[in-house]
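Below, chain A partners chain B and then partners chain C, in two separate complexes.
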Partner chain A sequence: MSSSWSRALTQISPYTFASIGIAISIGVSVLGAAWGIYITGSSLIGAAIKAPRITSKNLISVIFCEAVAIYGVIVAIILQTKLESVPSSKIYDPESLRAGYAIFASGIIVGFANLMCGLCVGIIGSSCALSDAQNSTLFVKILVIEIFGSALGLFGVIVACAAHLDHNQIISCC
Partner chain B sequence: MSSFSGDETAPFFGFLGAAAALVFSCMGAAYGTAKSGVGVASMGVMRPELVMKSIVPVVMAGVLGIYGLIIAVIISTGINPKAKSYYLFDGYAHLSSGLACGLAGLSAGMAIGIVGDAGVRANAQQPKLFVGLVSVELQVSVNPCGMVCLCNALELKTAVQLEMIIFGRE
Partner chain C sequence: MYGFEALTFNIHGGYLEAIVRGHRSGLLTASDYNNLCQCETLDDIKMHLSATEYGPYLQNEPSPLHTTTVVEKCTLKLVDEYKHMLCQATEPLSTFLEYITYGYMIDNVVLIVTGTLHERDVQELLEKCHPLGMFDSIATLAVAQNMRELYRLVLVDTPLAPYFSECITSEDLDDMNIEIMRNTLYKAYLEDFYNFCQKLGGATSEIMSDLLAFEADRRAVNITINSIGTELTRDDRRKLYSNFGLLYPYGHEELAISEDIDQVRAVMEKYPPYQSIFAKISYGESQMLDKAFYEEEVKRLCLAFEQQFHYAVFFAYMRLREQEIRNLMWISECVAQNQKSRIHDSVVFIF
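Right after this comes the complex of A and B.
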């Protein structure tokens, strides 16, 4: 115990951190997906007034945003399986504390990376719909940009799953 | 607790550093991709043949996300209290490098987005500007983020080694 931050942190149960991490991973991911979908959807529906042919193709943008929410759900379920109960004498052991912090960080990573990804894909999807309405050869080209955007959500899932959860220590979790 | 050396709460700061590296880099990459993507889509209505050339800012912004991913993975795999004792020093070092990399990525991404948006629209009107656009994008993406990220990864390891020498820890 060398500093006041440490002293304060050891008083907080690792269950708190783990639970908040799991909640953030799904909640903020779905927030990102919803934000992206409404940005794309409103532009898509507006543009389809004059160009009804675009609706079925541009649903792909909505699906890209939806995938972000699914990433959040998957990681939340994986993180939740890492939670085990330990006897209360061992809750504040270093391994348990570390596991709690790891789950918290994984949740934050996935949640906020997916939030940004959902926003990005939504904005690009809306401009994709609008430009598709003017010139249908543009759809595939702008879709390439959307694919770059949707890779950001995958980065979050990769870091959360590969870097945090494959440690041997985390199996004997809090 | 008998075989444990190092500070118990240090992993909190270490993991937060990894989180900061990825999350802020993703913010920058998302901003860059979205802003320049909107520019490309708007420009493409008038000049469809220039769209594929104008994807340069989007690619540059995507690379920022990869920088954040690399640093986040390096930091997370470095937090291993069973293999090597993890003191508060290591935790704070990881936090600082994660924040540095992430915030550099955020700022680089915003710059890439704004320059990319203006650049692709200008390129549509004046084709000679393409070289200028690409060189500005390269400057913006490589200088802050690439250098900082690579130096970070090195600094992490050398700082920890320096600390071991100075304080004589094992």
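Right after this comes the complex of A and C.
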């Protein structure tokens, strides 16, 4: 059984894997960013009624969430430049398969890292808005936590880029 | 799932939670109370309150103020905030907010029935009702002669209908029966609210369970103390205790057989959270017990704000406002009657 399943998986075209990787990188990143923005935004709007001074400062939380979506777009664009056509005799060569899987992995890495990062920054941003409304000295301290949270998205981008940098010469023939 | 409310709570409840936390920042602080306690007349109180969030509500009042006017206007502020939140809320938050007002409805029903028994005018009684507990057919309560009629004519259409199953009897309404009716209704209401919160799950159910359990236990103690020396039998007393809370069931057994305050104290001291309350009052004295309970309640209500993404903040805010209105009423009465030495007897500072 396992031998036939593994053969079935290797028969899937590496183009499919690469394309799905690119789709996940942008799609799931945007999901994370949007989730984070609505979590922050609804609290920010409600809290700003009593304390209008918090609106301009707390837009930083929304900007951090938005940055997460931008990471996803950047990586998707980089990945799709690596995707080139090969003659059909060479589609199932090991190098082509490796390139396809590498792009798939890069996409998943950046997508899910950004999903979690977006959620994290969104929840912290919501608490930040509510506590800033009560006591304005808290804002800068909570911002430090948010900065650490948004670093998670950067880790995803770095690893995703590193995962396919080695394959430059292989991918150029793929 | 407990712990993951942060992911989806803000879809429906984020805006209102932020609004209620904004309202909380408008509660009077200790420095406001200190200023108010040093006032000489009610006009001074009005002036100090104009600087707080109550300003717009008290501005247009003509100068010889009465304490009831102050309390009425402050209650009006709470009602406006509540109605604003209720019309923006979706399920299940809207049901939760409505549950908070059923207690006031019960109090209004009892007020009108008692007043009618003592031959008061219905209009006068309606003005004294709490605005959050009004419902449409409330004026027809004055017509009912016994509990069955009360139910059939008026209460079957209100949200209080399911709480009546335990107290429909054909007995006529007199003072004792009305108090028993009030406590039976309130018991059914607390249990219903408790079950509703358990169904909501997550942080809401955990925090609300603690707050409602404290309420149930406090009512049990008050029922016990108030019925010492009356003709309420032990079994009747036990029927008025709710079936949840720290005291259920063993504490209730012991409270039901207590005959004086020292026995009640002995029962309560077995429970560590209540031991600290009873330690504050000396033997044989029960006037300070109310204040000690209020202080403990305020402490727990403030703790509800420490966690985000749950509904208990709404309940806590309504209760804290109620406490603030009680404080303002006490301060106004003391100032109006020139008894400022007793002001600190009953003012509970919230922050």
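The definition used in the following text is that the second predicted complex is superposed on the first by the 162 of 174 C-alpha atoms of A that agree within 3 Å, B and C clash if a C-alpha of one lies under 4 Å from a C-alpha of the other, contacts with A are read in each partner's own complex, and residues count from 1 in each chain.
Here is the rule we use: a contact is a pair of C-beta atoms (placed from the backbone, for glycine too) under 8 Å apart; a residue touches a chain by one contact, two chains touch by 3 or more.
Predicted, not measured: the structure shown is a model, and the values here were computed from it.
**Q** Since both structures carry chain A, what do chain B and chain C do when superposed there: clash or fit?
**A** By the criteria stated at the top, chain C and chain B fit after superposition, with no clash.
**Q** What angle, in steps of 10 degrees, lies at chain A between chain B and chain C when each chain is taken as its C-alpha centre?
**A** The three centres form an angle at chain A of 80 degrees.
**Q** Now for A:113: first (chain B), second (chain C), both, or neither, which partner does it touch?
**A** A:113 sits against chain B, while chain C stays out of touch.
**Q** Would you sort A:164 into first (chain B), second (chain C), both or neither based on which partner it touches?
**A** The first partner, chain B, only.
**Q** Return first, second, both or neither, reflecting whether A:134 touches chain B, chain C, both chains, or no partner chain.
**A** both
**Q** As a test of reading the superposition: which chain, chain B or chain C, is in touch with more residues of chain A?
**A** B
**Q** Thinking of the overlay built on chain A, is A:67 touched by chain B (first), by chain C (second), by both, or by neither?
**A** In the superposed model, A:67 contacts neither chain B nor chain C.
**Q** According to the stated criteria, A:28 is in contact with first (chain B), second (chain C), both, or neither; which is it?
**A** neither
**Q** Applying the document's definition of touch, where does A:44 land relative to chain B and chain C: first, second, both, or neither?
**A** A:44 contacts chain C only, not chain B.
**Q** Please provide the least distance in Å between a C-alpha atom of chain B and a C-alpha atom of chain C in the combined superposition.
**A** Least C-alpha distance after superposition: 5 Å.
**Q** On chain A, which stretch or stretches are contacted by chain B in one complex as well as by chain C in the other?
**A** The overlap between the chain B and chain C interfaces on chain A comprises residues 119, 123, 127, 130, 134.
**Q** State the interface residues of chain C toward chain A in the complex, per the touch definition above.
**A** Those in contact with chain A are residues 6-7, 10-11, 14-19, 21-23, 25-26, 308.
**Q** Considering the complex alone, what residue numbers of chain A touch chain C?
**A** 35, 38-39, 42-47, 49-51, 119, 123, 126-127, 129-130, 133-134
**Q** Which residues of chain B touch chain A in the complex?
**A** 1, 4, 6-12, 15-16, 18-19, 22-23, 26-27, 29-31, 33-34, 37-38, 40-42, 44-45, 48, 51-52, 55, 58-59, 61-62, 65-66, 68-69, 72-73, 76-77, 79-82, 88
**Q** Tell me, which parts of chain A touch chain B in their complex?
**A** 2-3, 5-6, 9-10, 92-95, 97-98, 101-102, 104-105, 108-109, 112-113, 116-117, 119-120, 123-124, 127-128, 130-131, 134-135, 137-138, 141-142, 144-146, 148-149, 151-152, 155-156, 158-159, 162-164, 167-169
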